[in-house]
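After this come two complexes, each holding chain A, first together with chain B and then together with chain C.
Moving on, here comes the complex of A and B:
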């Protein structure tokens, strides 16, 4: 399974490196979202401003929006030229395909989160403190996000209305992840990482649950896509 | 529309006027038809009892029962709200179980898929009603139509999760494929149901914990006519659920049949067209 996962992840990342859709479109899109938040809630700067106190939430909303795009992109690649048939006939373990695709999206998201964290800290004037908790919650939350995103990505793969279906399915499911990740970030940034550890546990629970769901459900869903 | 009417023209059972009650004619019918008309009669009975029950609940709740010691007349909305929420949980529970039964290879049958679809559709309606009645109650009690209480938030999430599930059901495709896909989606959506149910116990916040019966201290906080009205409300709304569920289930079957017959009809027409020029 792990070898298959590596193969699929390698394939997806190679496609990304060659096409640069993630870097050229998804990252700029997320940056635009951060700017729009600034226009909607600004222009205050520094402690006490709306942007300052809302920074964790705005960061994670931007990440969620970008995740939908990344997942859509990952499955758009499979939809053209019947590539998904090739994937199905390849004899790879479906759980491996799931982990591979999720890992490839996860790698892209982590890069995106790094960029967004720096830019949002700059734009909203909030220093990145508690780096370990920030990084930890990013990794664990990303596992949860990409797991459930990949499951719904393959559900909407066969649907003609996939652009609209995926966000409808995805956002309600990741609401707990958004909540926990925002709280963990808030705790880290306000200098009390101890409060964030409980939320890190919540993130871990959802990450494990969604990973388990995906590993089991991906095979039959891919068959039907 | 009265609660006891059957969907006109779509019912596979004999039309509403058919003499299901005339004992003499049923003996002459084939057994399958007799069974069907009997089940239609039972269903109509369930509908009638549900209607009477709901009307009686409204009457008891608004006129007969006394105002509450603390909540005053606001308590009257509580004869509706908990029972509607209860039906919501039952509906999602049934959808979950039937999706599980569909996925289990030994019990795989499209009937479970239709049942899951019907039940979650009714569930979504009752979730909407739960949110609306809760909101109406919340305005005078908490001073706001909506608060970010865990129970309210998870219920709102349930609403959109199952709307998503219904959207998945609408993806066109082979019925077996659709059934499997929707069953998996139903299992995933159900994750939120226990979180929603236990949220009042896990996070003690604005929304009160179940106040009819306190399992921790073994006390009951509701007595007399109020208790009976609430019980009647639970029973009647459960019957409303059953009535809606069965009708929705049958509608699924009829839609399926219509699809099949429509296809056969279209093929027939094309065939007839192709034969015209040759003559």
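Moving on, here comes the complex of A and C:
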């Protein structure tokens, strides 16, 4: 499985590096979302302002929106010229395909989160404290997001209205991840990372559950796509 | 040695619509079989079923010794399907597409360079993105994937479509070469004379059933197959050759 996962992840990342959709569209989209939040909730910045207190939630909503784009892109390349049939015909382990595609999306999201964290810190004037908790919650939340995103990505692959179906399926399922990640970030940024550890555990539970569901469900879903 | 393909009353449904309505069909190892039939006869569905892409709803289907009613995953690595779609990634180069397919099927990596040379895709085209290729070059790349993988069973759906005269000749040589290497080939083509010349046997389909297994056609004319090293020698995928 791991060999197949590496192969698929390498293929997807190579496609991303060549097409530069992530760099040219997903990152700018997420930055524009952060800017729009600033315009809608500003203009005040600094301690006591709406933007200051809402920064963790705004950051994670921007990440969620960008995740939908990244997942859609990952499965759009499989829809062109029936490449997904080629993937099925390749004989690769479906669990390996799932882990590989999720890992490739996850790598892109982690880079995006780093950029967004720096930009939101500047835009909303909130210093990045509690670095370990911030980084840990980013990694664990990303595992959860890409796991369930990849499952729904393959569900939407065979659907005619895939562009609208994916967010409709995806957002309700990741609400717990959004909540826990926001609370963990809030605790870290407020200088009390101890309060965020419990939320990190919640994130880990969802990450493991979604990863397990995806590993089992991806194969049959790919067959039906 | 048992048959490479053995179907008994195989039915395949898409929803409630029958793609195949009870096909009984056998192909021996090393045979080249031409599937004939009008549009909608079930030729493509039969090839996709043999590749493990569509499910067997009832009846029995054994391909390369694997029971497709129980496990379609294992057989996929051992067959090569050339379909209407190319199954290629537009944003990957020609060589990267071949490398991915070869690694995924655990085939010999040396087959990549050999196949690129055979199909005339070496040189400038090797590193070109598939999305920038012409339709004919794209078709050649899809054929090169099969040539690089060297599957035991070649399933070719309208293989001559989209190819120029040279490409058609090259494909015929590949089929003859695959057969001489011990592979089995089933092809469905509307280029009837061309496919009949390649085939040992013709099988006619209509309405999702086999309606007439026709007798073997006359041997191909000596000049219909042109080799790479010498005239009339099939292209051997095992040994490889240089194409000028």
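What we mean here is this: the second predicted complex is superposed on the first by the 225 of 225 C-alpha atoms of A that agree within 3 Å, B and C clash if a C-alpha of one lies under 4 Å from a C-alpha of the other, contacts with A are read in each partner's own complex, and residues count from 1 in each chain.
Operating definition for what follows: contacts are C-beta pairs under 8 Å (C-beta built on N, C-alpha and C of every residue); 3 or more make two chains touch, one makes a residue touch a chain.
For clarity, every value in this text was computed on a predicted model and none was experimentally measured.
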| item | value |
| --- | --- |
| Touched partner set for A:80, first chain B, second chain C, both or neither | second |
| Which superposed partner A:4 touches (first chain B, second chain C, both, neither) | second |
| First, second, both or neither for A:14, with chain B first and chain C second | second |
| Which superposed partner A:92 touches (first chain B, second chain C, both, neither) | second |
| Which of chain B and chain C A:151 touches, first, second, both or neither | first |
| A:217 touches, of chain B and chain C: first, second, both or neither? | first |
| In the complex with chain B, residue positions of chain A that touch it | 148, 151, 155-156, 158-161, 165, 168-169, 171-173, 175-176, 209, 213, 217, 220-221, 224 |
| In the complex with chain A, residue positions of chain C that touch it | 51-53, 73-74, 76-79, 81, 83, 85-92, 96, 100-101, 103-106, 129 |
| Chain A-facing residues of chain B, complex | 153, 157, 160-161, 163-164, 167-168, 171-173, 177, 180-181, 184-185, 187-188, 191-192, 195 |
| Partner chain C, residues of chain A touching it in the complex | 4, 7, 11, 14-15, 18-19, 77, 80-83, 85-86, 88-92, 94 |
